[in-house]
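There's a structure below that I have some questions on.
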Amino acid sequence: SSGDKSKNSISVFAAASVTNVMTEIAGEFKNETGIRIQLNFASSGILARQIESGAGFDYYVSASKEWMDYLDSMQLVNRNSISSIAGNRMVAIVPIENKELFIDSVSIVNFPDLFKGRISIGDPAHVPAGKYAQQIMSSNSWEVKLAKRILPAKNVRDALFMVEMGEVEMGMVYSSDAQKSKKVRTVYEFAVADCDPILYYGAGKIKSDENLKAFLTFLEGDKAKLIWKRNGFKIN
Amino acid sequence: MHALSAHLKRKKGNFSLDIEVDFFRGITGVFGPSGAGKTTLMHLLVGLEKPDEGFLQIDDILLVDTVKNINEPARNRKIGYVFQEGRLFPHMTVRKNLLFATKYVPKGKQVIEFAELVNLLELNNLLEKRPKQLSGGEKQRVAIGRALLSSPKLLLMDEPFSSLDVKLRRQIIPYLIKINRKFNIPMLVVSHDLPDLLSLTRELFLLKNGRVLGHGNYLDLIEQENMFDVMRGAGLMNVLQFKVDAHDKENGLSILTNKDASQEISIEREMVSDCCQIGDEINVSLRPEDISLTLERIPNISIRNQLPGTIMKIIEKDNRIYCLVDVGFKLLVSITHASLLKMELTKGKQVWCLFKSMALQTNI
Amino acid sequence: MENWFVFSETEMSAIGLSFKVALWCAILVLPMAILTGWWLARKSFRGKSLIEGFVNLPLVLPPVATGFVLLLLLGSKGLIGQFIYEWFGIRIAFTYYAAVIASMIVSFPLAVRAIRLSIEMVDPGFEEAAKTLGASTFQSFVRVTLPLALPGIISGFVLSFARSLGEFGATIIFAGNISGETQTIPLALFNQIQVPGMESSAFRLLLVAVVFSFLAMSVSEYLVKKLYKRI
Amino acid sequence: MHALSAHLKRKKGNFSLDIEVDFFRGITGVFGPSGAGKTTLMHLLVGLEKPDEGFLQIDDILLVDTVKNINEPARNRKIGYVFQEGRLFPHMTVRKNLLFATKYVPKGKQVIEFAELVNLLELNNLLEKRPKQLSGGEKQRVAIGRALLSSPKLLLMDEPFSSLDVKLRRQIIPYLIKINRKFNIPMLVVSHDLPDLLSLTRELFLLKNGRVLGHGNYLDLIEQENMFDVMRGAGLMNVLQFKVDAHDKENGLSILTNKDASQEISIEREMVSDCCQIGDEINVSLRPEDISLTLERIPNISIRNQLPGTIMKIIEKDNRIYCLVDVGFKLLVSITHASLLKMELTKGKQVWCLFKSMALQTNI
Amino acid sequence: MENWFVFSETEMSAIGLSFKVALWCAILVLPMAILTGWWLARKSFRGKSLIEGFVNLPLVLPPVATGFVLLLLLGSKGLIGQFIYEWFGIRIAFTYYAAVIASMIVSFPLAVRAIRLSIEMVDPGFEEAAKTLGASTFQSFVRVTLPLALPGIISGFVLSFARSLGEFGATIIFAGNISGETQTIPLALFNQIQVPGMESSAFRLLLVAVVFSFLAMSVSEYLVKKLYKRI
């Protein structure tokens, strides 16, 4: 659609959780190259299905490997361009009102007993952050104790919101999100090894062009990396 | 006792109503040309419109007073109202329409019996029908019945007979008179049909352009020029009160005597059939056109009623002459100008009033 | 998923829940909508369009926003919810009741509008007639206006039911997406759409929603026809 | 030529209609008790109901035929219809209501002028009002006007006069007769008021219980026992055709002569004022109760019309006697049984028929 | 976001877009809804409740599902969309038009129901009268029934407008969330909610939606009143 309508713009489909980063990148990119970026934010799955249905895009940012593989299997993205562009960490958060709880690498073992009530995570069925949260639970054998206390949210943002609202006593979200919120307090950052690597993947469309190449170059540049970092993401 | 007294003002567009009334307990006929404000008056009385100014008092209870800011809602006024347009509930059968109000009548206060009413209004075969399935006249009868079954303290009817054939009219009118007498329910009946009204009552309330033109006994009203004019077009009528004296079965006649006069007047019996027994008081109406004047008694004529009297007043309207003749009671007679000249009629002259017993209409 | 017509347990529970939530929603919305509809149809007062706007708010707001507002009001730290929690120890959010409430709020303006419209179109002359026969405002409303406005009432009921069947945004925020408790058909559908390869399951659920819709319409159509014929 | 011929069958609940008719180009009065099927017949003719069986032909064009599966929609039938309940469009002013149909009348085919109609129906002050702001009678006039302005080939009116006062009735009836004559528009007029009908026409169509009871000239119909019964209750009437011979201005009388008889009959002039000039043909109606019988001519009486004749038939109904007297034309006279006996009236006897010129009603 | 009342460019464009989409949606839905409403109100035919069920489908389906169905039908690889693309070279999905279409589909059943209801409540006697005066079915509908059903028509318009303002699910799927082109208020709201700390911006957008809603209600209330008084 938009990609081929106006020559000097590219269309980026990006997972909703990177809204801020991509918006800032788009601004910088325009300043630098004069090329406008049309952003389309939704969940990674919805974006994948839109692409599958013929949506015109130039670059796709997914929060999960599965959806990237899904598109790749249908040859809708350029396999060579697939790369992980940023990482994240999972953290445990509590409402800001909760000033008592502190967790260290020792007490974390009894994590389920450290709080009462429910814990909000992304829905493990389809939200990547939820899947990571579940992996962390199972690798620490908290599953049984927490099974009935999980409140699955339709995305990470909602999981965070539940903690902000005090509807739950605990939440497991991305550190990038937790850092932005003034209503929650991060009480623990989970070990990298507790779950699959938390990575955002990007890929270009099959037929590359000048504009897309410029964008790929910009993404690898320092300016882009700084933006990711500023927003709480990890760059390797 | 006044059944109703009111002074009501109301403006609607370029029409304005300003009426002062006192109604007594009987039946009052409300009469006036199209657009006179008859329906508007009914709405004010029943509580569907609010007067801009004025008061309304029924049975000495103040229902409306714009100064004191009193305005009793319609449902508390206990006024039965037959709408000009019927307004039957379309989702209910005739039976349910009729019985609608009975829920709001306290036990034992129901004055009119359902079965009796259904019989009288010939609604037996219609009870399970819905208003949409009724003919115009059938609807009108149901509307009358519905209002009667609400056991009202006062009954207002707006053109209740307009779609009824003469047979049904003749049947319902005596019934209304009976109800008025038996239960002492005052009634206001709007009609553009003066003969119909007069067969119900002699008490008339004349409206024109939103103002009271006159109010009182019909015979008193027609003596006044301006009211005479209004009523003339609608059909003038003599209404007389008689007592049933005897039945002459062989000839099919009833012998009636007037209270005031000592004259014997024969009246056709057929009309009076069940309703009148010897000693009953009945109302009889007679059109001025149906009375002839002669200077002497005439034998060998099919006109059986011949009453001597004196001309009290001669009213000349266009080419028509009305003579008010005192034959013991007052009779209005209409004759042509030619007859007036030929017979040299003047005020004070002795004449005979001739009318066929056939021309007499009884209304109980 | 070998057999296309065997529903998984999750699916079955979503279907049952959806039906229950929708029915309760419609039943509970109806009396309130009738009252509000009548009020808006028959009374005229200052600030009426303010009330109107307020009633219609859930229609204009994206359901997700409505869900957030509900959470802000009725959540256990919410404006009202905190008192409910303190005094009765009841948490509303993320329960079956929350699903019903979310549906109700979202359906309410639709039901009100249908009912109000039909009440407005009933000739007030009939109510007047009822009043001259001794009925109170309430009685004449119940015995005369309401039956005459029946098509609108049924419409209001069906609209609430249908809207509730399709409700997603407000429910997922305020009631959560808890399988067996608050996961109605739309929520289950959403989950399946988010996962590659679950298309067939999603289609089956869609089909159930469609069948529900057709059934609701048929029944209401039949009722309206039957009741209308008598008028 | 038949203006309309039809055979229509229709069942509604427990009511069934089965009617065969041929109407000629004049005005036909449709008469029958409440619930007889008059409105149903109108609906079938105008196309608002479909017959279960039968056909309908107007001006030799087949509009309905259930066998051939023809059913011309209402809008193509060009039949003007005045509904019993008015059905004015509530969202339009009176003016727009009146002009509604004019869009569908081809240019130059508009037979009745707007301004003339508005004047006649006294609608001048109402043109900008909406139906809700009209009184009952006002609504009825607008409905009549709206139908007339659709320039129909046939005009049906269902109780068009029921809410009109006598003055307006008297004004509209001659107008309808004029329209019928001038534009040759056949009319069917439903009414429960026989005198009203008879002042419009002598051609009657009698309905009862969904069946035709009779159809034809009024005087022919009353000679048949069963129809006599139906009409009697509604008010029998003699309707006579006269030619205006001279005006006696001094006495305010018009001298009329009957076509058939050579008798001179004087008739009051007031009623005829503008509408009748010397040489005009007019209809005059006279109630049987208003005619007296004598055995000889009577001098000195206010009754100016005295016609000698022969009793042709004596009809006895209950206690009332009807004599059909040939005075050059047929006159129906009603007398009491007592008079019959006293005057020894028999068929063939020579009598004088006396009636006041006052009792004559002219309808153009 | 220093000044609470200064809208960012993205916000302004979302507001303008929302208004434009909602207006077009209401304008385009109206004639179709009137036709369908009249058809359902006045005709009775076999399979009527099937049609009814079909018309109401978008009400029962979660909007996200509706969005997918639209994508499957009108996407450039969709059942119908592929032909439109092949023959006319037009892509519908992910454009401004897609946003309008998504809104239309979702509002359609609401508008139809309001209009149908009000047409049903107009006494067919008036249409009959018009026909005896020479008007065709269409003319009598336009000159008599339609003006008498006006409250329902206005209601239908306002409902479409309002529903469109709140439309999220179908739009984000079928039209995408493209700033300046398809990003209406609800979608912009979604973006802001995705990022913690953007609440104030979200609230301002919500407020705009609310004001829109109140305005729409006031105007329609006023229109109905003014037009109704004349009846």
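By written order: A, B, C, D and E. Residues from 1 in each chain.
Here is the rule we use: contacts are C-beta pairs under 8 Å (C-beta built on N, C-alpha and C of every residue); 3 or more make two chains touch, one makes a residue touch a chain.
Since this is a predicted model, take the numbers as computed values, not measurements.
Taking the mean of C-alpha positions as each chain's centre, the chain lying farthest from the centre of chain B is A. Distance from the chain D centre to the chain E centre is 57 Å, each centre being the mean of its Cα atoms. Centre-to-centre, using mean CA coordinates, chain B is 60 Å away from chain E. With centres taken as mean Cα positions, chain E sits 19 Å from chain C.
Shown for chain A are the residues that touch two or more other chains, namely 46, 49, 161. Contact of a single residue of chain B with at least two other chains is seen at positions 85.
Residue positions 68, 190, 193 of chain C each touch two or more of the other chains.
Pairwise chain contacts in this structure: A-C, A-E, B-C, B-D, C-E, D-E.
By the touch criterion stated above, chain C contacts chain A in their complex at residues 68, 71-72, 75-78, 93-94, 172-173, 176-178, 190-191, 193-196. For chain D in complex with chain E, the touching residues are 46-48, 73-75, 77-81, 83, 85, 87, 89-91, 100-101, 103-105, 130, 132, 146-147, 150. Touching chain B in their complex are the following residues of chain C: 125-126, 128-137, 139-140, 143-144, 147-148, 150, 230-231. For chain D in complex with chain B, the touching residues are 12-14, 33-36, 38-39, 84-85, 125, 129, 133, 135-138, 141, 158-159, 162-168, 170, 192-194, 233-235, 248, 251-253, 266, 268-270, 288-290, 292-296, 298, 300-304, 318-320, 333-339, 341, 343, 354, 356-359.
Residues 44, 48-50, 52-53, 56-57, 59-65, 68, 110, 113-114, 117-118, 120-122, 151-152, 155, 159, 162-163, 165-169, 185-186, 189-190, 193, 202, 206, 209-210, 212-218, 221-222, 225, 228 of chain C touch chain E in their complex.
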